[in-house]
Structure formats: C-alpha cells, structure tokens
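By written order: A, B, C, D, E and F. Residues from 1 in each chain.
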Amino acid sequence: MFMHNKRLMYTVRVAEPNPGLATLMLEQFGGPQGELAAAMRYFTQGLADEDVARRDLLMDIATEELSHLEVIGSIVAMLNRGAKGKLAEAAEEEADLYASMTSGGESHTTSILYGGGAALVNSAGVPWTAAYIDTIGDPACDLRSNIAAESRAKIVYERLINVTDDPGIKDALGFLMTREVAHQKAFEKALYAIPDNFPPGKLPADPQFADVYFDMSQGEGEGSGPWNTGDQWTVISDREAQAAVDGGDGQASVGLDETSGAAVDAFAARTRSDPDSDPVTGADLGAGPGAGRTTRLGDEDSPR
Amino acid sequence: MFMHNKRLMYTVRVAEPNPGLATLMLEQFGGPQGELAAAMRYFTQGLADEDVARRDLLMDIATEELSHLEVIGSIVAMLNRGAKGKLAEAAEEEADLYASMTSGGESHTTSILYGGGAALVNSAGVPWTAAYIDTIGDPACDLRSNIAAESRAKIVYERLINVTDDPGIKDALGFLMTREVAHQKAFEKALYAIPDNFPPGKLPADPQFADVYFDMSQGEGEGSGPWNTGDQWTVISDREAQAAVDGGDGQASVGLDETSGAAVDAFAARTRSDPDSDPVTGADLGAGPGAGRTTRLGDEDSPR
Amino acid sequence: MFMHNKRLMYTVRVAEPNPGLATLMLEQFGGPQGELAAAMRYFTQGLADEDVARRDLLMDIATEELSHLEVIGSIVAMLNRGAKGKLAEAAEEEADLYASMTSGGESHTTSILYGGGAALVNSAGVPWTAAYIDTIGDPACDLRSNIAAESRAKIVYERLINVTDDPGIKDALGFLMTREVAHQKAFEKALYAIPDNFPPGKLPADPQFADVYFDMSQGEGEGSGPWNTGDQWTVISDREAQAAVDGGDGQASVGLDETSGAAVDAFAARTRSDPDSDPVTGADLGAGPGAGRTTRLGDEDSPR
Amino acid sequence: MFMHNKRLMYTVRVAEPNPGLATLMLEQFGGPQGELAAAMRYFTQGLADEDVARRDLLMDIATEELSHLEVIGSIVAMLNRGAKGKLAEAAEEEADLYASMTSGGESHTTSILYGGGAALVNSAGVPWTAAYIDTIGDPACDLRSNIAAESRAKIVYERLINVTDDPGIKDALGFLMTREVAHQKAFEKALYAIPDNFPPGKLPADPQFADVYFDMSQGEGEGSGPWNTGDQWTVISDREAQAAVDGGDGQASVGLDETSGAAVDAFAARTRSDPDSDPVTGADLGAGPGAGRTTRLGDEDSPR
Amino acid sequence: MFMHNKRLMYTVRVAEPNPGLATLMLEQFGGPQGELAAAMRYFTQGLADEDVARRDLLMDIATEELSHLEVIGSIVAMLNRGAKGKLAEAAEEEADLYASMTSGGESHTTSILYGGGAALVNSAGVPWTAAYIDTIGDPACDLRSNIAAESRAKIVYERLINVTDDPGIKDALGFLMTREVAHQKAFEKALYAIPDNFPPGKLPADPQFADVYFDMSQGEGEGSGPWNTGDQWTVISDREAQAAVDGGDGQASVGLDETSGAAVDAFAARTRSDPDSDPVTGADLGAGPGAGRTTRLGDEDSPR
Amino acid sequence: MFMHNKRLMYTVRVAEPNPGLATLMLEQFGGPQGELAAAMRYFTQGLADEDVARRDLLMDIATEELSHLEVIGSIVAMLNRGAKGKLAEAAEEEADLYASMTSGGESHTTSILYGGGAALVNSAGVPWTAAYIDTIGDPACDLRSNIAAESRAKIVYERLINVTDDPGIKDALGFLMTREVAHQKAFEKALYAIPDNFPPGKLPADPQFADVYFDMSQGEGEGSGPWNTGDQWTVISDREAQAAVDGGDGQASVGLDETSGAAVDAFAARTRSDPDSDPVTGADLGAGPGAGRTTRLGDEDSPR
C-alpha cells in the first residue's frame, strides 16, 4: 500500500516562471528516461519477484522514484505557474500570450492542451508509453536493465543541469541525479549477488558460436579492441564464411501439405511479374515530354 | 553502405506451417527485444560515436542483427506460408479458414491484415516503435543499455525454444540465442575498456546522497542484501527523515511577478471548491431510491 | 513524498493459476480505465491545483489508486505464477507449454515477452499510454473527467467480476469496484462545491447558438427527449439552415500577399487535373481481359 | 449514411497566413480534445446504443462534430496556404523558407511532412490516436464521458481564442466553443433522463467501503470539503487501518499444483540474490580513482 | 458540412452473433486499411486541395467512406450484440461468459473494455492512429497513395469474405469491396488527368542516377525483369562501385568552430574505449564456473 | 545476410553544425516517408514474396534504402556534432546552451534526450512506428504502395532541398531524391509486369456498383472530370438513392437467441433515457446566476 506525505522529498525553489525551461524538464517527468518509467520498471518487477529481499529493494526504489516524480513535476508546475494563470484569465493581450507561448520548446502545447500543468509527455510532447519499460521477468536481465536505465537517467539530469542557471532548480536536479547513481550501485550489488548470472537463463550458449566475432562492417575505419582481439575471440572476416554458418545452403524452407502447396502455387502464378515483359507503366503515362527527357540517362543537358 | 547476400546467415528448415507459432516468433521480429530493435539501437549509436574502434564494433553487430532479423523473419514466413496461400486463394471452406485462423495467438490478424507475411509487430500485434530504443548518445550508458538488451533477447529466445518442438526452428533459435550471449560479452568488453565509466558523465554525484539507502517500503517482508548493508550504506528508515532531505520545508515555490501573481489569484478564486458547502451533486440526482440506499453506510441489508 | 507499506490495501487470495484470466485482469492494471491511468490523472491534477483542499483530495485518491494498482497487479502475478515458473524452467514438454500459452487471450504474449509478470498493457497487449489521461488543468473540467473516469472503471470491474468464479478474486474486485463509486461521489462533491462551474472557463457562450439543437441525422429512427424538446431548445432541421449559420457564404478564405498568391497559383496550375481529359490509367494498363469485363456495368454474367 | 454540403457550417475568414498559429489550431483538429475525437466518441456510441432516441442524439451531435472538424481544418488550411505554395514552388530563398518555418510552434513539421495541409496531429505533432476515445458501451458512463469531454473542448477553444487576434478566427472559434456548451447541456439531459444512473451498472457497491474516505496523503496542507466531511463519510487516517482493510494479512497468495510449485521454487533458487554476499560489481570495475572517491560517503572534500 | 441519413448505405443482415468474427471485422473499422483511414485520408486532402474539381472528388469519396464506416461498424455491433447484453446483465454463469469471450480472436478485449461496441481498433486491439494516413499535400503523390490504399482495402475485404459464411455479411462486404475498386478507378483518372505527373514535384531527377539499378542483393536467387533490363537501365553490380557513387571518399564530415571542436575532442577522450586493455567485465564477474566453461570455444562437451 | 562497407553510398560534406536543420532532416531518418520506413516496407515484402525475381528487386532496393538511411543519419550526426560536444562537456554557459537549443525546431529534444545523435523520430520528435508500413502481402497492392511511397519520399526530399543552402547537404539530398524516382520507375515496371493486376486479388467486383459514382458532396464548388463523366460512369446524385443501395430498408439487424434477446432487452430497459422527463442536470446545478442567464436564448444582452 502506498501512502503520501505532503512534504516533497526535496524542497523545490524556482526563481521565476519559464515555460520553455518547463518543457525541457518534462523529459524527466514523462520522458523515456524519466521518473515514471523508473518507478513503473521497478514496481512491475517487484510485484512478480520471488526473492523477498530483492523484492524489498525494488519496492524501496520504486517508491522513491514516485517521490522523485513528484519533485520534478513540482518544478514543471512552478515554471509554468505564471503562464497558466495568464492564459486562463486572458491577463495579457492575445499577441503577447501568443508570443510568449511560441518562443521556445513545446510550451505552446503545454499551455493550450494541458493548461500549464505537468503532463506525462516528454520534451517533444510525446505521451509517455509503457513501451519504455523493458521488464521481462528475469532478475538477471531486469537488474541489468535497471543498471542501464539509472545510468541513462543520470546523464539526462546532467544535461538538464547544464542548461539551467536557476540555482534552486540546479540544486534539486543535483539531488535527483545523485540518487540515480546511488540506485545504480544498489542494483549492481543485487545483480552480482546472484552467484551465476551470466549468461542469464538456463539454456547454455552454443560453444560453436559463443566466442565468434563476425566482422560484418569492413573498409577504412575498422578498429579493434578487447571485444575482438585476444585468445577468447575467433574473428570471421571472410564474407562467404559469414553466411550460412551452420554449413547449410542458407535457404529458408518449409514442408507444405498438398492443399497448401497447391494454394501457394496458384497464388504465385496469379501474382507473378513476367520477367520478359516490357510493360508501359503508370510512370510512362505520367511523364510529360520534359520530365521524360530529364529522367533518361545521357540527356543531362535537356532543359525542363 | 549495406550489401546483401541472398544466403541467410543461418539456414532455416521448418517442418510444417503453424501460424500460431509464427505469432510467437514475431516477438523477436517486431517486438521490443527483437532484432530490429537491436539493429537500430547499435546503428543509431554507431552513426554518432566519436570512437573509431567502438563505432566499428557497433556497425559490426548492427549489421549482424539485421542478418538475424532476416533469419527470424524467414522462420515467420515459412510458418505462415500455407495459411497465406490458402486464404488468398480461398482454398478451403470459409468455416475452415476461420477456424484455423482463430485457434491460437494473433494469427487472425497476421492473416487478415498482413496476408501471412512477417510484419513488424510483436506477438500481440502491437506495431514496432522506436520508443523501444534507448540510445542516448553517451557511450558509458549506451553500452550498459546494450548489455542489458542482449541479456533480455537471450531470455526471450530461450522462452521461444522452450515452446517449440520443431527441430529446425530450435536449431536456428539456438544460434540466434547464442549470438546474443556473444554480443553481450563484446559490449561488456567495450564498456570496461572505458577507464573511468562510473558514474557516467562528467558531473560527480553529491556525496551527501550517493550512498544513502532510503527504506521507503516497510512492513513484514523487508530484506537486506549488499545493496543496503555494510559500511558503504547509510540506511534511512525514519519516515520524517525521508522527506525534505535537503533540510528545507519540502514545499514547492516560485517567484511570480505582479501580473502573473494576480492572474494566478484570479484563477484560483474563480475555480475554488467551497469547503463549507454541502452541494447536491450529479450523483445525488442520478441515484435512484434503491441505489441510494445501498450506497449509504449502515444500510447493508437494503435490497436493490 | 510517497511511502510504501508492504501489506496490500486488500488481501489477495487466488485459488489457482489461470494465465487467460490474468490477461483479462490486465485491463485494470495497464488499460485505459485501469488504476495507473486513475492514479496519474489525479496526481497530475494535484501537482498544479491552486486550491489547497482540493489538492489534498486529489493526492489522497491518487495515492489510493496506486495502492489499488498494487492489488490488481498482485492478482495478475498470482494468476501467472505457475506459467512463469514452468516456462522459465522448461518444466513441461514444449507442446504442453505451447498449448497452455495459446489457449485463450493474450497469455502467450504475457508469458513470452513479460515472463509472466504484470505488464503495463491492456488485455489486448497494447502498452499503456499517457494519451489515456485527459487532465487539462481546469478544475471544473478535470473534476468532470474524474467523475466520468470513475464511472467507467466501476463498469469494467463489474464486467471482470461477471466472468470470474474465483471467490478470492471476486472479493478483491468487489472492493476495488466499490472504491470507484466512493471516489465518484467525492469528485462530485468537489465539482459542485465550485459555485459557478458551468459552463467552465471564463468566456461566456454565445447566446445565439447556446440552446440550438441541430438535427443533423434524419430519417426513420429519430427520437426526442429533454435534450431537444421544451422551451429551452430551438431545433433546426432544415438542411440549408444548418449550413453557414453565421449568415455568410460558408466558404473558407484567407488574404494572401503577392508572393504567396503567385506561389499558390503556380502550384495549382502545376498540379491541376484536366477535367476534360480522358486519360488511359494504370488501372487500364493493369486490367486483363477478364477483369476488364467484370468491372463494366451491364456485363454481369461475364465469367472471370 | 453521411452526406456533405459544400458550404461550411460556419464561414471561415482568415486575415492572413500564419503557420505558427495554424499549429496551435491543430489542437482541435487532431488533438485529444478536438473534433475528430468528439465525432468518433459519439459515433461509436451511437452505433451500439439500444435506445433509439438517444442514438438519434448521438448521431446528431457526431455529425455536427464532423462539420466542426471541417471548420477547424479549413482554418488550418487557410493559415498554411501561403507557406504551402511558397515551399512547393521554392518561391523564396532557402534561408527565408527555413527561417519562416522554424519561427514558432511545429510549423516546420507541418510544412515538410504534410505540405501545409491540415494533418490529424495535435499542436506538438503527435498523431491522433483512438486511445483518446473513452467509449465503453454503458450509457450512464458514456454520457458522463461526453459531458466531461465537451467541457474540456470548451476550455481549449477558450485558450485558442485568448491567443488569437484575427477577428475572423475569433468569430469562428467562438461558435465552435459555444456549441460545446450546447452539447454538454444536451448530454446532461440525456444522462439525468436515465432514472437510476448512479452508480452505473447493475452490481451494487459494497456498503462497507462505499462512503469511506481514506486519508492517504498527510501533512501540512491537508484540507477538508464536502468530499470528506459530514455524516456521509467515515474518514480513515490511521496508517495501519488503511492497509488490509478486509481484515486479512494483506498478502497475495495463490494455490499452486506440484509441478508449478516445483518450477517456481527452482526458478527462485536459480535467480536468488545472496543477501550475505558482498560482490565486486560492474560499478566497482568502472569507477576510476577519482570517481570512486567522490561516491564514497565521508570523502566529501575529495576533488574529481 | 456533413449530414446524416439514418438509413445505412447498405442494409446489414447478420444471421447470428459471433464476437470472434466481430473481431476480424474490426480490421476494416479501426484498422490501417479500414474505412476511417480512408475517409480521413481523402478528407484531409480535400481540405487543402487547390483544384476545385478534384476537391469535389475527394469530398465525395471521403463522405462515402464515412458511410461505409457506418456499415462495417453496424456489422460489428450486430455480431457483438448478444455478448454485450449477456455480459452487462450477467445473464450466464461466470465460466460460460469467460469461455465464450476467450474462444477466438480478441473478443475478450472488445467485451471487457468496449462493452461489445464497435471500437476504433484493428483486429488485434491496436487503437487507430493517424500514423496510418499518408497525405503529404502533393496531389500527384496523394492520388498515388489513394490508388494504393484502395487496392489494399479491396484485398482485406476479400480476405474477410473468404472467412465468413454468413450470407448477409458476405453480401455487404461484397458491396464495400466493390466500391474500393470503383474508387481506385476514379483516383486513377484523377492522377492521369494531371498532364505531367511524373516525377512528382518540381525538381528534376539527377540524370546521373535516375536510371541506375544498384544490384545490392547478390547470390543465388537473383532475377531480372523490366526493372533492371533493357536500354533504360544501367546496372551496377560491382560492390566497390556501389559505394561513394559521387566519387568522393564516402566519409561524413562537418566543419567545426574552435569551441565545438574542442568540446567534441574532450568528449571523445573522456569516453574512449581503450583498445589495448583487456578488462575484467561484468560478464566475467557474473559467470559461474559451469557457465564460464560452456561459453568458451573448444569446451563443447562440458556439462552445465 | 547483410554486410556493411564503411564507405557511405554518397559522401556527406556538411559546412557547419546546425541543430535546427538537423531536426528537419530527421523527417527522412525516422519519419513516415523516411528511409527506415522504405527499407522495412520492401524487406518485409521481400521475405514473403513467392516470385524469385521480384524478391530480388525488393531486397536490392531494401538494401539500398538502408544505405540511404546511413547517409541521412550521417547528415543529422554532422549537423548535431557541435551541440553534442558542447552539451556533454558543458562547454558554454547554461544560458547560451539553453538559447542555442531552443531556437528552432525540436533541437532541444534531440539534445537532451538523444544527446545529439540521430534518433529514429520525425521532425516533431515522434518515434518511428511500424504503423507507417503498409505491406499487406499481395504483390499487386504492395507494388502500388511502393510506387506511392517513393513518390512521397521524392517530394519530402524536394522540400528539404528547398530550405537548405548548404551545398554539400543539397548535393547529397539531390542524390537521395533522384533514387526515389529511379525506385518508383522500377516498381512501376514490376507492377505492370503482372499481366492481370487490376483489380487486385481474385474476387471480381460486383458489376452493379463497380462504375457507379456517388455524388455525396453537393453544393457550389462541384466539379467534374474523367472520374465521373463519360460512358463508364453512372452518377447517382439523388440523396435518397444513395442510401440502402441494395434496395433493402437500410437497417442493421441480427438474429438473437432467447437468452441473448432477453439480456439485450434487460440492458436496454435498465439504461433507457426517459424521453418525457425534464430532469434537473449537473449543468443546472453548476450554472451560477450570471452564467445561467448568458446560456439562455433571448438573454443576449445580459452581462456576465
């Protein structure tokens, strides 16, 4: 069960309204690396985790992220508070309201559609979607997802700090950024406390392919590193050896029963493009005299 | 520049069509943990990475993932091949076609909408979205995202292997699963080859909060682990000490100029709910005699 | 700040696993009328509301809805718990796992993609989106949205109760359903405690059109009711009187400067369809002899 | 069956093109509170309503909303008409076209992607989605949704009027705004003409919980109102009394058969985080000397 | 302005309810090739078209498609009508309702979430999105899009006819299918009545590359046809000649000012992966003894 | 199998960074008419096409489009390269970074969320979705879709060229634009090489309705053209003759069994709006004295 304390986890002191800056802050409210995504990632994991202690960890941090969501949402609300009142009360001339709303970022959408509130959209106005959540129900994977997610959130906060000179906002963002670091450390501990966490799951990797490096991108600019050098790796650069690595013919096949086979054949016959035809096409019908000439190789000086 | 070799990276041998199984396989074709997501994650990273060698790594694996996309897509196409022909040619009675299409999974959608082809949707028919891609342009984060993504893809392949008894499909899925393990190892190497990769970014964490553990979820079922025990961590369990950790009042505030302040006040006055009123409401208007009684506490035996 | 108590708001006692039923329950976890939508609707309103008492109401109910989210998510997790373990451990034959996962609803997606956890998707597997949230930052509107949302959630719970015979689930759903009724009553009170809440906003309706009823749909089946009868309403049924009700010509126009006007003219001339032409078309090119005949009126008996 | 009269329902007179303003207007064309959402909300309700008279009401208003969609779309088209021609004909220098397209709102997207037409996107460029439609097929709920939706649309029009000084646009928007008020009145009549509409549906609320108010958010800033005061309400503020309100243990449980239980146990054992370990983690590997020190509590003065 | 006639454009006679079949029919109600997509495609084109006659064509067909939307929606409503009543009234045992709702397609979602109404979703339950609409505001392109869209809609109707044996539904679908053919013919006429419609737009193609065929996919299975044979085409098969076809070095470059250059260099240095390192990684930490051995090439017989 | 050559298909020479212009270019990277959509459209078709030669065509062009995706993505990366470095390194004052990021287009989102990389979003920041792909698995339709898609992509490139004065970008865009023309020509050849491609599919159109033109939009502004004149077409303008064209009653009906019928009746009775009531409504409750008067017809001069 969740409970709420009216005091924020961190005090929010905004110097003055700035709807454009509010838009940027939305990234951590309703964006993919934001606090709702974090809270829901850990909450959905916690609901289904069989490990009691780890479940506690997940619920602890999920709850903290909800508290962070409230902090960042409060920053947005404060930054929008002036615009909200002025638009609702028509407290300025139309042209002034228009000018202030269209002078940076998506503040026009925030004002018109959300009335200056904190909406669950990212800084481009895209609604938050659960497609951002990568929980799959395997702890050794989910903890890796959490580690990565915390590191990403840390960087987005760092970027926001870099574009803000309001000291109160910088202060609050610094707290939020730091907590992502702390959370990453906690999730790292939980991952490596699983004794045998790599590879995740139960099925072993096929040793034939588990340490092969396929050099698929070739030409000037190739590099090497510990990911394709050393005893561990077998590097395959030969183009033909990269195909059909099972030793087969590299084709796809399926066994069809008689009815299916006949139907597929009929469909194929009915929709075949005759390779020996030279049909007049819609493009031919549509190409005017000038256009026609410019699209033919060799007629490069033809005017249009 | 990309090139294509008509031989698949791994030969696909499907025993017989099975549109229901094809639906499950779509998870790795157009699903969040699937091969398009993988390819596009690494490709978008590779385009903007300043490190030549790591860029090579990213393009190598992005290209391989596109080749995997072709393998899993070919499995889907083979599994659907019979249904595709029969529906297009009306080769069975309507009732038989209807029955075969609605007997498991989303094969009805695949057949009606996509004609039995391999569509970029997940196993529930949800179209692939770039919201699945978590690239943020910081190598120390993106490599962590890649590590996590490879681990997730490994597990989804393992689950698909567990529900398939077609040996050709199991074989191809085993290859694809193994390659995720290999890719994870390569990305791990690239991450830890960045000498100072934690915390990511340039701004340091605030030491006041970097090793604090907030015990937000309390009650029977709490646990401990290396994430909240040991010298590293300061655990804060006191409910009041969890709020306003900056020592402030935990309120949100903003400085408003006179116009904004007046507008906000006017808006607040105009939309205030009078706390001392006891208004008749729409629910009162709408509650019939019976309904009204059942919704009043104490009238538990009233019929409706 | 949010806190968490490990005890659920309502005890969840599920008789036995049933992944198909779990899928249905997802509707109230990650669906449009579900608990996350409710919690986020009130939370985003609460963050920006200028009325302290109403803000308290919104945060009270938002927090309760998060607690409900945990209850319904726990039901899903319990219903999926068996399938989760069996798939992860490959504890059954492939064919049995396949059969159990594809025998109803979207349980295949839940199992393969989410590993049997509670995912923020609806019962069709569509990820939750903030597009479900209709908060616009005006209390007289937002409270109406809340009233409507609570009524919808009540009905979806009622439908779920009607398809479940597990007594523990029925019991918990009954609690959740009842709370939606209670919340609707509270929001009704808050709306009608705003003394002048209709029409919302500050601009008055234009009396010329505020009580007109346009009878746009005509023919057998027309009806009447208090929405178009009585002294209040002026009904306009005449088709011509429904158009250009301002008395103008019903056209759209804009003043263009010279450059724009010339550019529009040039564009129009360049892309004009000649009304007097009778062009051969791509359809003509593509219609084979048989097809051609069946598509001409009067040739109804022509075979194809 | 729908028919179309080429005269608009309201004459549109736009003074001069303004692509930035066109962007704002898109909110009511392809946005969540816009006319397509309204039309489709009522149309989908009308198709399935069993009440002939109410079905007539729904189709009347659905049809009118389609006519409004045409009005607002015509405003957008007029505001974009100059930009459309100039971009298509390259009638200005590149730099001038670039400057005009990027000087406010999303007009760059509208111009490049939609060629200056009226696109079904909101003012941030987000495509319209049927996720905006909250029809659930219960009249007592759907009418409440309609009432709320009309009130929201009224306010969005009011905001648009407040940022526009073009008299022709203000005039047309005033008509559209007024009609939302009229529609709300009609839907209110239809709702309260259902004799017993609260609570909606057939199942009664559980009297134990129907008039309880859970005070989930506590601290300075709590308020009261008719939603939690008076004889009707029982307020529960005690934190422990808010949990497991059924009197149970507040835990979630499920009965598992032997196979499932064993599989769950095996999965739990395999993925357990050892609480007594103190593992070296990836963060430890990745923390450089400087970083390491700043992330350890007590080293607050260490440089980085 | 739109008007509505209560008679459908085509009479709908459904033999008996069938929620599973209703799900399939949704494809043409709220699916990408369905009637709303068609209506909105032509309507948005019509609003902005400068050619009066073509605008008339577009509005004629847009209006007809809305009328088709009503026909297909009525089919869905009739097929769901029994389930709707039974679920709302709890007219069957829970187990029977559950069984009937989960026995094919997405009828569970339609019933629970939409109450058996016609929802704007496709047959997989995915909400309709304006992303389906490909209008770009150039008539020569938009008419081609319309031609393609009508052909696709024709096929989806054909597939639906092939799985239905209800004669009344087959009859109505046959009408709808035929109208797509008629519309395609009309749009073809309108396209080819633009005298110079290929290539669309004003800028000519570069004759150097306008008739070149790049043979990017090579290996067994290559074919030829009028698209790469004949005098028109220059085929380039040489792999190196396919890259950097402008004769440059095939690299991407940008001029950076001093500040930017320095910042990029600093970022690159800070995030460089050291190619000569051989770091211990998280995978190394996580690989247990058994796992470690199976992931090393050459240890193929090691148990796990 | 795909392979990668590190040389781009076309050399990218960008004069100087310009994040605002980068945003526009995203349209062809992650937008609906962009290169990923093109590549995936042809790739999904190619996987399932039964015609070997056409499959080769599809894979040739799919592969080329991936190579184009790399070219346009490299343009974006170059245009963003300066901003990327400066934001990551905090190489400018906060106010300068803020100003540069919010001065046009969506560059703020690109910078904050994606770190200046090339993200798979359109120029409004909307993530790419497979809903853009219209592949349905019928070659005669899919080729028409391809023709239309290539024509649209040509125009979007033309628009981008019109707003860019960087010669290197113009040059590369000119190449990409030209290739769309070449692809359209190839797909046209493939379509018309199917001997009998219109109408697509196997079922013939119903000759009763295949050449009828329904004149649904009437009034001043009607036009004619080859799509509704000439011997081919039967034009139906009479409003009544447009409804129920099958000669039936234009109603929708379904046969219900007894249980269903009774349930529907009970539901209808329970939710009926009484047409003879004149209920007090929520609007009545909410209308204050002033508001009430302005919303009553005839009181036009009443102040508010």
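Note that in this section a contact is a pair of C-beta atoms (placed from the backbone, for glycine too) under 8 Å apart; a residue touches a chain by one contact, two chains touch by 3 or more.
These numbers come from a predicted model, not from an experiment.
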Per the touch definition, the chains contacting both chain D and chain F are A, B, C, E
For chain B placed onto chain E, the superposition rotation in degrees, Cα atoms, nearest 5: 120
Specify, for the interface formed by the sequence copies chain E and chain F, whether it is same or different in terms of residue numbers shared by both sides, with half as the dividing line. same
Indicate the whole-number Å distance between the mean C-alpha point of chain A and the mean C-alpha point of chain F. 21
Give, as an integer number of Å, the spacing between the C-alpha centres of chain E and chain D. 24
Chain A touches at least 2 other chains through residues 1-9, 32-33, 51, 53-54, 56, 59-60, 62-63, 67, 74, 77, 81, 84, 88-90, 113, 115, 121, 124-127, 129, 131, 136, 138, 140, 147, 155-156, 181, 184-185, 189-196, 198-199, 201-202, 205, 208, 210-212, 216-217, 219, 221-226, 232, 239, 242-243, 250, 264, 267, 270, 273-275, 277, 279-283, 285, 295
Based on the touch definition given at the start, go ahead and assign the chain network to line, ring, star, complete or other. complete
Across the complex, what residues on chain A touch chain C? 1-9, 30, 36, 40, 43-45, 47-48, 56, 59-60, 62-63, 66-67, 69-70, 73-74, 76-77, 80-81, 84, 88-90, 113-121, 127-131, 133, 135-138, 201-202, 279-282, 285
List of chain B residues in touch with chain E within their complex: 1-7, 50-51, 53-54, 87-88, 90, 93-95, 97-98, 101-103, 106, 108-109, 111-113, 115, 121, 124-127, 138-140, 147, 181, 184-185, 188-196, 202
In the complex formed with chain A, which residues of chain E make contact? 140, 191-192, 194-199, 204-205, 207-208, 210-212, 219, 223-226, 229-230, 232, 234, 243, 273-275, 277-279, 282-283, 285-288, 290-291, 294-300, 302, 304
Applying the document's contact rule, which stretches of chain E touch chain B when the two form their complex? 20-21, 23-24, 27, 31-33, 104-105, 122-126, 155-156, 159-160, 162-165, 216-222, 239, 242-243, 250, 264, 267-268, 270-275, 277, 279-284, 295
